[in-house]
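The letters A, B, C, D, E, F, G and H name the chains in turn, as written, and every chain counts its residues from 1.
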Amino acid sequence: MQREVMFAGFGGQGILLIGNILAHAAMEQGFEVAWVPSYGPEMRGGTAYCLVAISDRPIGSPIIRNPMHLVAMNRPSLEKFAPMVKPNGVVVINSSLISIGAERDDVDELRVPANDIAKDLGSTKVANIVALSAFVARSNIVDFEVLRKCVQEQFASREKLIPINMAALDAGEKAARLK
Amino acid sequence: MQREVMFAGFGGQGILLIGNILAHAAMEQGFEVAWVPSYGPEMRGGTAYCLVAISDRPIGSPIIRNPMHLVAMNRPSLEKFAPMVKPNGVVVINSSLISIGAERDDVDELRVPANDIAKDLGSTKVANIVALSAFVARSNIVDFEVLRKCVQEQFASREKLIPINMAALDAGEKAARLK
Amino acid sequence: MAYKHIIDNDRCKGCGLCVTICPKNVLEMSEDVNSMGYFPAHQARPDDCIFCTTCCIMCPDVAITITKVVEETEASEQ
Amino acid sequence: MAYKHIIDNDRCKGCGLCVTICPKNVLEMSEDVNSMGYFPAHQARPDDCIFCTTCCIMCPDVAITITKVVEETEASEQ
Amino acid sequence: MGKILMKGNEAIGEAAIRAGCLNYFAYPITPQSEVAEYLSRRMPEVGGVFLQGESEVAVGYMLFGAAGCGARVLTTSSSPGISLMSEAISYISSAELPVVFVNIVRGGPGLGGILPSQADYFQATKGGGHGDYRLLVLAPSGVQEAVDMVMMAFPLAEKYRNPVMILGDGLIGQMMEPVEFSDHLKSEPSNKDDWATNGMDTRNRKERNLVKSLFLDAELLEEHNLVLKAKYDRMKQEEVRYEPYNLETDYRALVVSYGTMSRVCKTAIDNMKAEGIEVAMIRPQTLFPFPIDPIRAAAAKDGCQAAISIELSMGQMVEDVERSVQGKCPVHWHGKAGGEIPTPEEVVDVIKSLIK
Amino acid sequence: MGKILMKGNEAIGEAAIRAGCLNYFAYPITPQSEVAEYLSRRMPEVGGVFLQGESEVAVGYMLFGAAGCGARVLTTSSSPGISLMSEAISYISSAELPVVFVNIVRGGPGLGGILPSQADYFQATKGGGHGDYRLLVLAPSGVQEAVDMVMMAFPLAEKYRNPVMILGDGLIGQMMEPVEFSDHLKSEPSNKDDWATNGMDTRNRKERNLVKSLFLDAELLEEHNLVLKAKYDRMKQEEVRYEPYNLETDYRALVVSYGTMSRVCKTAIDNMKAEGIEVAMIRPQTLFPFPIDPIRAAAAKDGCQAAISIELSMGQMVEDVERSVQGKCPVHWHGKAGGEIPTPEEVVDVIKSLIK
Amino acid sequence: MAKTYKKPEALSEQVTHYCPGCTHGVIHRLLAEVIDELGIRGRTVGIAPVGCAVLAYNYFTFDFQEAAHGRAPAMATGIKRVRPDLMVFTYQGDGDLASIGMGEIIHAANRGEKFTTIFVNNTVYGMTGGQMAPTTLKGQRTTTSPAGRDVEDVGMPVKMAELISALETPAYITRQTVIKPKYIVRAKKAIKKAFQYQMDRRCFSLVELVSTCPTNWGLTPVEAIKWTEENMLPYFQLGEFKTPDEVEED
Amino acid sequence: MAKTYKKPEALSEQVTHYCPGCTHGVIHRLLAEVIDELGIRGRTVGIAPVGCAVLAYNYFTFDFQEAAHGRAPAMATGIKRVRPDLMVFTYQGDGDLASIGMGEIIHAANRGEKFTTIFVNNTVYGMTGGQMAPTTLKGQRTTTSPAGRDVEDVGMPVKMAELISALETPAYITRQTVIKPKYIVRAKKAIKKAFQYQMDRRCFSLVELVSTCPTNWGLTPVEAIKWTEENMLPYFQLGEFKTPDEVEED
């Protein structure tokens, strides 16, 4: 089966990075994966998004109008993509920046105050990891331990960033499990 | 039937012009005609030639490896083209500049001291008209009177050149009929 | 006061150039995001404004307008 | 005379530049056409030649060569 | 006005003026430089624009600019020069501008030679540039037809708001043949106010016009491409032109040939007829749209043992002939690509070798 | 070395280095600029040459010069950039130089869009430039295959002394997929001393070499074109590559599709199989030479009711499919050319509408 | 001293796609103001480049054409030759004008084509993600000069205004900047002067504008201004390099 | 004073296709002499242009590539970048270098590519039949300027040496002529100097050579020399415009 996750937000929120980490984790777990960014002058508008497709068979088109899941890090992204998510998908909403909801009753909406949690951890920069972690914990799209390993690897070359990112991972997981 | 005439010589000998006049005359007489020059960097070599095709039917390819007739105004031209002329063709040789012959026994070779005749008329410049005239007189490829008219038209805008060119025409005809 | 200084909240991209350039320190960046996701500039100290148009000249997004508050007399004078 | 001045008849294009440039008026154009159809230059007054190579320097077709007429002694000296 | 003897290149220049095209931008290249030389004299006489651009790349965009503001405009070039224009041709097609290009094809690839060739068939008909676009491609077989096609090209370009290419060769450009010019065409494309950037003040409708080819949005680009496709489909319906030759006989083979090469084929077919062997020919006058249906029908005729694409190239049009024939009979190719034109005798031999 | 997750553009750059290509000239253009960015970092590390040319026109001739003196050399660009190189591509083909071009195709014509497209099929396979030449065209359908094809491209280019083009699209360039790199290739083309202008001193044979494309003489140009043609004919014999999919079943339709589009078709075929409808696909991996015979054979199979060319263009490959099928069954086209990729559902609907 | 300030008529309502603080916006406004002031909106044709300003036509309210990368001067030539009465300007970035379009701008200037070029020099290829441009400064890092521009390897940054001034054909050539209000006022004067020369069919004119690209420089807009002042202005000196008049007039 | 004079080794035996009195022949010989004297024949690659010198490779005895029209500097760049040890020169006419190839020559010069350009300026497109070139003089008649070059319409003749000298990147730029023996001797020195800078990997070098085209000017070779002296030399002034050295050396 093929599952797709759309990550969306402002440029600078680390959107492409969390997509990348998820794709990496899925690959490590033996899945076929593809990571597709938005590119070109659209970036000027200040939005950033990417789509990660994960499958147990070779991936057909990884450009998908209706992704299965969504991680929305800001309001315009939620407004744009929430209507496209497939029924029963997980929609993670960064409630620190988004006051509204997905306005869908057929999806699994998870509100996570990612920026607030991150700020408490010491840097809003890790809000993306909080959100990713919450998403994985909720969707079980990949094994959480594999994700943990991949986050660690991601920051291997900048070692002093590891503790805060691991903390973000834990906090995100907790936020997801709480609900 | 289609007949082709190759005119060849140095640049500056008025080769393209006499081809043009013949084509014009043939057109006036109701034939289909095509005039094809050599072009491009070959000209740098100092040679000039053109081919005139005359026919009572639409002309197929006017680029012909074996023309029916040849008017050779200098030696390299004769050497290059004489072997290609079809049997029974007319080969006019400007004997003022060419000491050799066509080395063919299946063509109608006509030696005309075109430059000498022209010099006698007052200008070697009209050697080309002498040769053209001799060729037409011998081959009867077009009506001589039509040719006369076309030469006249050709120089209509430079009237003072008409007499010498008409004289050249007469001299060329005479040279051809003499033989 | 005969002039009106308006920052169009939905045109402003929050670049902050007007804030730096204002000779009277009138402007500041807002804390609230606008519809494009930017934090726009606003008049923190409107009373200090001398309507010199410096900020308008600098703004890359034509987000600042200064208009004359027209009184009858002035209008007819022109 | 220790030098030899040769105009290669079949390289010469009859441009006449050497004729104009020769300080000693040695050269003239020939009346006879060469294999390329040009009237080449020739030494009309060879005895006046001072082998200054001016004509060689000017000739666009490397048609003029001046060679040393090598005598045994000279050759071994070099 | 009667017939006059005129060089193909000059006749093309004169025909453009008579077609009301008073704007010419070009860069010299053998074997078509005489068009520029002729028009450098003629354009000032008729109050037109003559400009020698600094390169074919630049010329391509001069045409774009001029056509974009509503002017009728022409360029002429030869193979490498057309390659350099291929980006512009793609842009002009996308912006839907009516520009007439004349390619006096020379031998290729690379610098090649300057003798007659038809080796730019692919480039002209399948698009040298990028993306889905099509040129309407006309192929004259002599000077008179070149003149007629130039006169025809401008109205066609304007009808479709699409570039038209005339594909000649060195022979057609350099040769003199008798020509007759028809009357002058009217000068201005009629509907240009709807789209040309000719200055708002000159229009009734006070909306600005935009000439462009960028469509960043997938849906808009798709829509644009569908508009273009509809245009090309319409051309396929309405603009196919060809000359049938000896098609009314019980021919044993079908020749497909165009331009200079087709002249030789006619002679060959005449010669074979004299021998009692009937061979038919379809001579495409439009290379795009290609006369697919006529060729298929002709190839399907009983007794037709072979369809033979005879070209001055190493086998380009033959692919369209294959597509057209759809297996109705075997398809062959014969061609040369050095500058020499096959003789009628050679063509006769080839045809004979393919039929029983 | 195991699999790593890599962006197509970067993987292409890395693959070139592993193929022993240490010379890269290019000009930035979306959606392939990451190749240049990647190699601007990597080339200095491996002692290679990275140069950003001033334009694609210039880059084309930098490649010419570098390849002409025996260097292994790569460029990458996207549609308009390739159009600007088309004169150079014609020259390079004529001069028989082994250059590898990567075209990460974007939407066209004109400036178009930057999303995935296959609308440069004609340009790549029929020649954007002038004259009779052919590129060997490889079409990957994912990042791993892009890497493999880059590795393959250099030996192929050198085997034939002919440019090779890899036709990707924005998706393949921008997407990350897991890739594995095989071993490094050996670095030097072996026979270059016979033809490259690498300086007489460095060669045993003390004759000078000449890299050129001018043949003014008709016979010499003809001869040259026959040499080229023989090479293209040999490619047709030896280099046809394609992937058959579901071809062993009793399929009711044959899809022909390549690259990104073929991935969707596979999903569609799988979905139909699940419904009990068998559909086969031939996925050309070489677009030139095109898998004509396999397609004809497949289309001729009993029960095959339609051949469908499914492309991200307005109908280009379909012409080659028509040529291949030769009337064995009806040929259809389905495509999009805006940047959006048809979904598997859409493909399923199209196929179903064409079969009983 | 106070005066009113509002959007010029030649500028559309649309919010631009430019990044926050990008000086393209300032230059657009200046152009629109000059066009309004000269009253030529109804006979002006702008030419958008390929670069961040590719969508410039969305932000003006008069006729526009969109060029291919680098070819705007050729398009402008085409327009002016067939319609000398139209007012034509090209709007080009440094990648567009100084790299791929070098031949076209030099030849248009040399032929003395009677149009105006607005040249926005921000030292990088903005639109495609910050690659090196011919105007990239010595040592400046870009995505294709990750170790900084090495002038031994790729030469010195090109000074277009000076280069074009070296041509013999009369022209109006100036370099200005838009990083501060005082400069902006001068830049506008220069643009107006250029348009006036065009109206008078005097000469080709080029206004080079030293500009910013905060996004690709990795700086905030305010930092970008500072960087421009400290790094670009010493190399790209402001001034009038050439006027078509014997005696310079204003 | 007398000395021997014979064909240099780097020159082939073949008689050129150039017209009588065409100075291309002189320039070929100078190049061959310099290459002989520097002993670099075995590592030299010449690049022929598209123009009358398209067949130049027939007249030399070392490796050659043939460029497309105007693109020789890009080809030379390609060669020098991958093989800096080779000695590379381009040989280009004024149509080739100053018209279609303007972008390529300026960028190669600006990058400081370490090759040498021999620029043969004869004010016309020789090969294609004498059309106007960017260097055609004011009022000069050509086949595409039948009424004489109108500088109001197409601008002033381009002075390439001066233009390229306006770039910031160090280079050796000179203009010489070959119409008389004394100039020919100087031209050879300049060519040698240019090659030496290349050998030392110092800089790009350009030697512009004021030349003749008797055929397309409609003059005899001797008249052509006179015309050149009287018309070209006053406009295209001879001299060294730029050297890479702080203090000029010889």
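Keep in mind that, in the parts below, a residue touches a chain if its C-beta (ideal position, glycine included) is under 8 Å from a C-beta of that chain, and two chains touch if they have at least 3 such contacts.
This is a predicted model, so every value here is computed, not measured.
Between subunit B and subunit G, the least number of touch steps comes to 2. Using the mean of the Cα atoms as each chain's centre, the chain most removed from subunit F is D.
Ranking B-E and B-D by contacting C-beta pairs places B-E first. Between the CA-based centres of subunit A and subunit B the separation comes to 87 Å, rounded to the whole angstrom.
Put simply, the C-alpha centre of subunit A and that of subunit F have 35 angstrom between them.
Between subunit D and subunit F the centroid-to-centroid distance comes to 60 Å (mean Cα coordinates, whole Å).
Subunit F has residues 30, 51, 54-55, 57, 80, 87, 91, 95, 110-111, 114, 212-214, 216, 340 in contact with two or more other chains. Within subunit C, residues 36, 38 each touch two or more of the remaining chains. Touching of two or more other chains is recorded for residues 18-19, 54-55, 66, 68, 99-100, 102-104, 107, 127, 134, 154 of subunit G. Partner subunit G is touched in their complex by these residues of subunit E: 23, 25, 49, 51, 53-55, 57-71, 73, 87-88, 91, 95, 197-202, 208-214. Here subunit F touches subunit G in the complex through residues 27-30, 33, 36-37, 40-41, 44, 50-52, 54-56, 80, 110-111, going by the rule given at the top. Listing the residues of subunit F that touch subunit A in their complex gives 3, 5, 30-31, 114, 116, 170-171, 174-178, 260, 263-264, 266-268, 270, 340-341, 343-344. Taken together, the subunit G residues at the contact with subunit C in this complex read 1-7, 11, 15-16, 18-26, 29, 180-181, 184-185, 214, 220-222, 225. The part of subunit C that touches subunit G in the complex is made up of residues 2-3, 10-11, 13-17, 20-21, 36, 38, 50-54, 56-62, 64-68.
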